[in-house]
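Order as written gives the chain letters A, B, C and D; numbering starts at 1 within each chain.
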Amino acid sequence: MKTRKLLLIYAGLLMLLAIGATVAIQFPQWAMLALVCAAGQAILLLFGLAELGTHTPLVRFFAFGAGFWLVLMFTLSIADLLTRG
Amino acid sequence: MDVREQYLAEPYQTAAQQREATFLGMWVFLATEIMMFGGLFLVIYYYRLQHPVGVGEAVHHLHSILAAFNSALLLTGSLCMSLMVQASRLGDYRRVQRLLLLTAFFGLAFLAVKGFEYGWEYREGLLPGMGPESPLKEPAARLFMNIYLFATGLHAVHVTLGVTIILGMVVRIHFAHMKLPERAITLEMVGLYWHLIDVIWIVLYPSLYLVGRAV
Amino acid sequence: MSQKNPAADRAPSYLADEHGLRTWLLTTDHKRIAILYLISVTAFFFLGSLAASLVRIELVTPEGDLLSPDGYNRAFTLHGVVMVWFFLIPSIPAVFGNFLIPIMIGARDMAFPKLNLFSWYLLVGGGSFTLYALLAGGVATGWTFYTPLSTMFSNGHVVAVILGVFIVGFSSILTGLNIIVTIHRLRAPGMTWFRMPLFCWSLYATSVILVLATPVLAITLLLVAAEHLFGIGVFDPRLGGDPLLFQHLFWFYSHPAVYIMILPAMGVMSELVTAAAHKRIFGYSFVAYSSLAIAVIGFMVWGHHMFVAGQSMYASMVFSLLSFLVAIPSAIKVYNWTATLYKSNLTIDAHFLYALTFIGLFVIGGITGLFLALLAADVHVHDTYFVVAHFHYIMVGAAVAGFFGGLHFWWPKMTGRMYSQLWGKIAAVMIFCGFNLTFFPQFLLGYLGMPRRYHSYPEDFQFLHVLSSTGAAVLAVGYVMPFFYLLWSLRYGPQAEDDPWDAAGLEWRTSSPPPTHNFLETPIVDFDAYEYPPEATHGRS
Amino acid sequence: MDDEFLRLWPQAASDHAHAIDWLIWSFTGMMAIFVVPVFVLTILFAIRYRKGTRVSRDHRPRGSMKVEMTWIVLPFIGSMIIYLVSARLYYEVKTPPADAMVIQVVAKQWMWKFQHPGGQREINTLHVPVGRPVRLNMISQDVIHSLYFPALRIKQDLLPGRYTALWFSATETGRYEAFCAEYCGTDHSKMLATLIVQSPQEYQRWLSQSGASESLAEQGEVLFRQFGCSGCHGPAAVAKAPTLEGLYGRRVALHDGTSVIADQAYIRDSILLPHKQLVAGYEPIMPSFSNVIDEEGVLRLTAYIQSLGEGEQGEPHADSPRNPPPEETAP
């Protein structure tokens, strides 16, 4: 992972951060876009700087495994909140 | 006998086996950190849905531009950490120490800006308990400020922990306890932990400062 | 002479090769750490039982006269906290998991030995911290710490107990992490996933739950401590906080936690049944996958604790349906154990009596669990003694029977000594009878409407309570007996041979007690799990 | 509460209770079909295949997909049938009939306070007429409690900050125990109540001589003036505030474009958290009364507002911005 590639990824991260922040502050109704930018930053950082791509698939499975259970927790808890009526 | 074999921990037969076990162990630990902050994110988004008006008012009072600058600090820290890991693989002691100190600097800068932000909010009376009368009318806004304080505080504790570990690594290299590139894997683990702290802040920043601002 | 490992020219056993307190307190040998865990876990078990006997004596009379109301509340809270976090969760994974997994998969030690010792210190550290808080005044919130009672209306040592449980939570996270990495990376050559004993499968599934659920408990308890200590009100109803959010977060951990408690016992059961039957298990892959299925579906069902707590009707119906789904893997396991006994070559020893106890009590516990999953029935029996009886049938009837069964099964391997079979069988029968006399009347009490955590109750429940308390006395004697004849066997018991039960498994192919590095040279595994000679008579030359 | 020496089955005082008992027995029966074979076969195999018995043990089965599938699918189908029955019963328990008589319940640490529509107030006892559906509108003032009637087989938690409902229609007269089922602190076991189901005549006689001077609504009116609500919401109001006549049960358009039915929860939130659901076209000038009025006061005010005339369901409120005559919204 040459230095130039790392700097490129870093620039990408900063750009995504800038986009997310400015959009959310100027047009609050589009604030959800900031979350999309954040997701992009997270994946870019994990695969770029943390080199998750080079590790064995088992490690990658555990890295994203936690996400599966979080999605579970979110959907069922918020489903209860929204259908409380 | 491959040079890396000498540093074989007790139960392992081959270095590759130990290397993969270390990565798997580290990522399982990082998964527990993600689950812990996951619980906190549920609290944040649960209350966003339950009290949109109150949360909107609280988010309106937060200083999101200052926090954006703070996020940039952490991203730079992550860059330095990756450069350090790359240097440690080449065994370049000087460069590794310099980059480690640079990362620690960015970590401390993040904490300093965070402290300044807390002070600013304290003077505005936003923080719970002590401080002047809170300008927030909605009780749900004060509830959100509580969550904001707890979430950023917990993250700050993790950043402090990360900075102390980095400084510990610098000390170990200084007294030549760590031979590179054989023991580079330890530095890679510290790098992973730092990247995780950064990922958590990347998601925490919009969840607290950006989404659902009062129009 | 069918000596299975001729090369074992008496390499010194892990107990004999070094002596002195330092070698125990600074050991990184997974077998010694398992013994350390066994001692501390047994100590916590007796402390929890003391609190339970206080509760049972109190309930003999309708009006609360032994303890003050607050004293009673602190007694059942102590019983809950100590039994859940300091006995049931660490018991089988930390004691038998640490001791047996490396040997069963042919490894020399756990993946991170130093981390293993550190988790034991976390257990003892967290334990003593909580012990001090519980004995110095304790806490009167129940082990569930429901808000706003725990955050705004409780004056006990809430924060101290929470910090103790928080520390012990890390102990179980690190144990889970150790087991996952060990099973993934340290299996002996030839030991594929489907040649592994089912005990390893169930401990792997348990570790996945341990690692993923415990952090959510950590954050929930931290939020309660922050609210109690600094007034950072996150669940404060005055500010619009929602007590149901706390219950979602708490039960998201606590239901998987009950699977952490029962899954390892199911693993022990698979070993006990196959060893006693001297036969391959019926449907190996089904039993193995059912452990993983419990680990996955176990995370989706927590809402059945909140059917009457103000949860939305539709969410309750979804949780009820999922709760029926999670019962299927447990049913598969029980049916497969029963089918294993078909055409088996059965020897009935003390440990097999504990296996029979497990099957009998776990089935009743599971069925009453389905009663609670039934929406309309739960509205009636939620938070009554029906629930108390249900989870005691599972935790005490099944999980503790699994722990005792494993203790009696692997005692010769761990200590190299044989205990008296007669006393073992008497204790098992006494535990079975005492248990049923204690907890079956509580089903009737629950359906009659006696609520949980009641210090005094109407007179017409007294007869059933007296029955239950006498049963508790019989159960207490049953639990104390193993303490005597097992310790007695340490000094006076005959020397155990390498494979006293003629069982099949890597742990029975090394000497007992095993040498420090388990095997003189890493075994090559070329046989299937539970490979017993097909012909009826037993004898392996 | 005829306390015999030993009672093994609780009294059943409502049709729902009998339905629950039937559900329990049928589920027990079905589960017995799936469970008894386990016990029988375990003991049978243990005796028949003991070591040393002369019995054929060749071609032992390693497992069979067919057998496994049967004991997965059959119990699941059985459970699904019972699940649907219990889900329907649960739906009935959770949806009170519209014509039910509403009784307010406020739980406080270690006592129950009941308030009848006619204004009668009781502590730890609840008189209800037999055969008539009764809806309990419940809230807690401090921690979570849970009102539990074993004889009616129902219970419902009371939450601080949110109304929860529990309804029943008792069919047999008599006195029945009521407990607090959710652990709520020191005297959790002393927090008992008695449900007294009476014939309609007895109930009327009890209502008349239980000395309620004024109804709930009249008590609410007293509070309405005492806390100065009439200053803004009254007919001769100087400040601009939504009129309350005919508000109850009507759909109100909110500031952020959504609209909500003005039920008890809406009115309670508007009193305690005025800015939470701001009515469209109004300024957020109403002060919060959250630590001024307690829960019982809120219930009385709500009863008073309800007595100002029920709005028809669904027709938007008179002065919502959709059809406001211009001069009326001008201050």
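Structure notes:
Going forward, a contact is a pair of C-beta atoms (placed from the backbone, for glycine too) under 8 Å apart; a residue touches a chain by one contact, two chains touch by 3 or more.
What you see is a predicted model, and the numbers here were worked out from it, not measured in a lab.
Chain C has its Cα centroid nearest to the centroid of all protein Cα atoms in the structure. Centre-to-centre spacing of subunit C and subunit D amounts to 37 Å, using the average Cα coordinate of each chain.
Distance from the subunit A centre to the subunit B centre is 15 Å, each centre being the mean of its Cα atoms. Each of the following residues of subunit C touches two or more other chains: 184, 212, 216, 238, 240, 242, 244-245, 248, 252, 310, 313. Each of residues 273, 276, 290 in subunit D touches at least two other chains. Across the assembly, subunit A contributes residues 58, 65-66, 69, 73, 77, 81-82 that each touch 2 or more other chains. Viewed as a contact network, the protein chains fit none of the simple shapes, being neither a path, a ring, a star nor fully connected. Subunit A makes touch with subunit B in their complex at residues 1, 3, 6-7, 9-10, 13-14, 17-18, 20-21, 24-25, 28-29, 31-32, 34-35, 37-39, 41-42, 45-46, 48-51, 55-56, 58-59, 62-63, 65-67, 69-70, 73-74, 77-78, 81-82.
On the subunit A side of its complex with subunit C, the touching residues are 58, 65-66, 69, 72-73, 76-77, 79-85.
The touching residues of subunit D, counted against subunit B in their complex, run 256, 273, 275-278, 284, 288, 290.
Listed in rising order, the residues of subunit C touching subunit A in the complex are 184, 212, 216, 244-245, 248, 252, 299-300, 302-303, 310-315, 318-319. Subunit B meets subunit D in the complex at residues 51-54, 137-140.
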